[in-house]
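Each chain gets a letter, A, B and C, in the order it is written, and its residues are counted from 1.
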């Protein structure tokens, strides 16, 4: 399970996260919600090691993640899909995918993983030799998620996967996440501004505002709480 | 509720005070230059001939480094070819003195500066679309290639031996009163200070702000109405005028212009002086120029004292400049002048703290 | 006609050297967005070491091997000690630091081996219009270039290096040791650079021997586009032949200025080089 205690992150004088605590059970899907600037992206970046924390602890499965280099965290089974996907546009689709699993020793397993990703996202297979720069927004998001799945992660961090995507594709991605959780026990932390779609597949939700946790509850309760929704989630 | 219908009147006394307190900057700079010239004259009178030569050398390096710090520091254009402008200035003076000896010295120097400026205009125009490493590479090619032309045009430019000449710049009244070298030192510093007054006014004025705007963000500058290309070319022009003048003064001082003095190492040493003194700072240009002259001197002395063999002695100054560049960039990016500013800031803050303490 | 042929063949073998040194510059630029102005100095020290080894053991090839290894180590050391600390600073900082290293290493070479020209051997017989040595030069450069390109494009290492260069943060989250990739890149580039130094130096070795070659290599790299290895190699050969004609018909002293003129003309027409990809800035 993912445990975060008293996490504080600052960019110079600006406090992006202030004493944030979060717990996600193995196999759980947790949504992290809030307005722009609430600190959601910072939270994910700190978990994956791209951003150093000023205070606090992050552990995954008992293993200490705080202060570790991002590549070590990745090899501990944590995959991070940043906002916009972060596909490397100068590489082909196939190269992007291969990159996702290079640190794994088992070649046969890597090939199998790639086949599975192509099965999940057929448009990627069609464009496998094309440069990622030629992909549409939706296809890039698919590529980014597929690339993250290549390493068979245990913890998947997704930053606004639905941003700029057609609702149909968003729904499809959410379905795929739910299926993966069911089949592989994947743990997911899902950051979204589109709270509705996130809460539709999440078990629990954390609401951030100005770097602090202002609400924690099950997804169902959060959806039902009108006051909270109006105040922090914009609907 | 009372409504004020007129602004509170400033008492007539303060307006008067404001007017006299703020002297136009040009006047201020001219006075400062005059004071500096006086200091230099005094210095030359109390030191020996050897030191006089060093003082003169600091002078023309100062204007060269000032030009480069304006170009690289204020507009962010990295030039590894500043020595080429000095080369042009030196040869201009040499050629004029040899072929048109009736020209007065000040005309020769002016033309040297102008020749440098013309080259700067061309270089700037060619370089306007180049950035960072591309610009550095192109200017390096200029530094390597231009002096090589002396071998191509042997008759005109004197080949590897260069051009030698003698200039008698002392007015007849001064012969016997002031040694030639001392008089030359005064001429050098007079020219340098005049040029510096112009440069300081540019740097502190509107053009200086325009330069910095282009350095910080070309796109933003263009969007706010600045003609980026023209600004960059202008910077090149001004810096090359400084370089040309420096080269001309060097030729005047040494009585010779030879390709061996204008190697790529010179351009790199000038850059080292800029970085050491503090990128973009005119005071820094002074520290850098002094460093250039005195590191050379000290390494010569060190070589003597330690009985270093000639190989080590000859290469020591360049090794030192290289180490300076590395150390300054890694540890003291704002150079000497930056160090002074930090010191001033620290002193000011501790003075303020003392004040606050005393208030309580 | 005879002269034209001679100039062309001479230009091809000179061009091979520019291509190799240019490739070294491009590998580093792609990996770290730094133009390694110290590259000629790293190659210079390697070549001087080869000189000492060859003089001491009588074997050219032992000296050759030592040079390549020494060059690699110097490249690795430069990246870790000088470039790594500056990765968050401005472009100007890394330009200046590599220039500083250039000055230091050239001066150190002069201190240890003196500024006097030293006789440095060719790999093979160098007599004739297109000698055995010329053939060796061209072949070895083509082979090494092909090797480098294959490594980059088809191996997992190359994929990691490209990812580390294009998107270091993303690459980190995919388990790539970005720092290590940068160091490997510098080591590879320095090895190629040392090779270029060994090929360019004969007949005489002195501290400034690689200055001209460096300018031409940089021109070739810029012409080809600083992030395009294939373009740089092509640019090197083309430049070599072109400058050979300039030297033959206008005199060898005009070659550097001609290179400068070519550089300026090409960059004015195509600011990212002939084959480079300009990165548009989003406003």
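Before moving on, here are some points about what is shown:
Simple rule for what comes next: a residue touches a chain if its C-beta (ideal position, glycine included) is under 8 Å from a C-beta of that chain, and two chains touch if they have at least 3 such contacts.
It should be emphasised that the depicted structure is a prediction, and the values quoted were computed from it without experimental measurement.
If you tally contacting C-beta pairs for each pair of chains, B-C comes out on top.
Averaging the CA coordinates per chain and comparing them to the mean over all protein CA atoms picks out C as nearest.
Taking each chain's centre as the average of its CA atoms, subunit B and subunit C sit 33 Å apart.
In whole angstrom, the spacing between the mean C-alpha positions of subunit A and subunit B is 55. Between the Cα centres of subunit A and subunit C there is a gap of 42 Å.
Within the complex formed with subunit C, the residues of subunit A that make contact are 48-50, 69-71, 73-75, 79-80, 82, 86, 88-91, 95, 98-100, 102-103, 147, 151. Chain contact summary for the complex, subunit C toward subunit B: residues 29, 34-35, 37, 82, 85-86, 89, 91-93, 95-97, 99-108, 110-115, 207-208, 211-212, 215, 218-219, 222, 226, 251, 253-257, 259-260, 263-264, 267-268, 271, 281, 283.
Here subunit B touches subunit C in the complex through residues 72, 76, 78, 80, 126-127, 129-130, 132-134, 136-138, 140-142, 144-146, 148-149, 151-152, 219, 223, 263-265, 268-269, 271-272, 275, 279, 311-312, 314-316, 318-319, 321-326, 329-330, 333, going by the rule given at the top.
Across the complex, subunit A is touched by residues 156, 159-160, 162-163, 166-167, 169-178 of subunit C.
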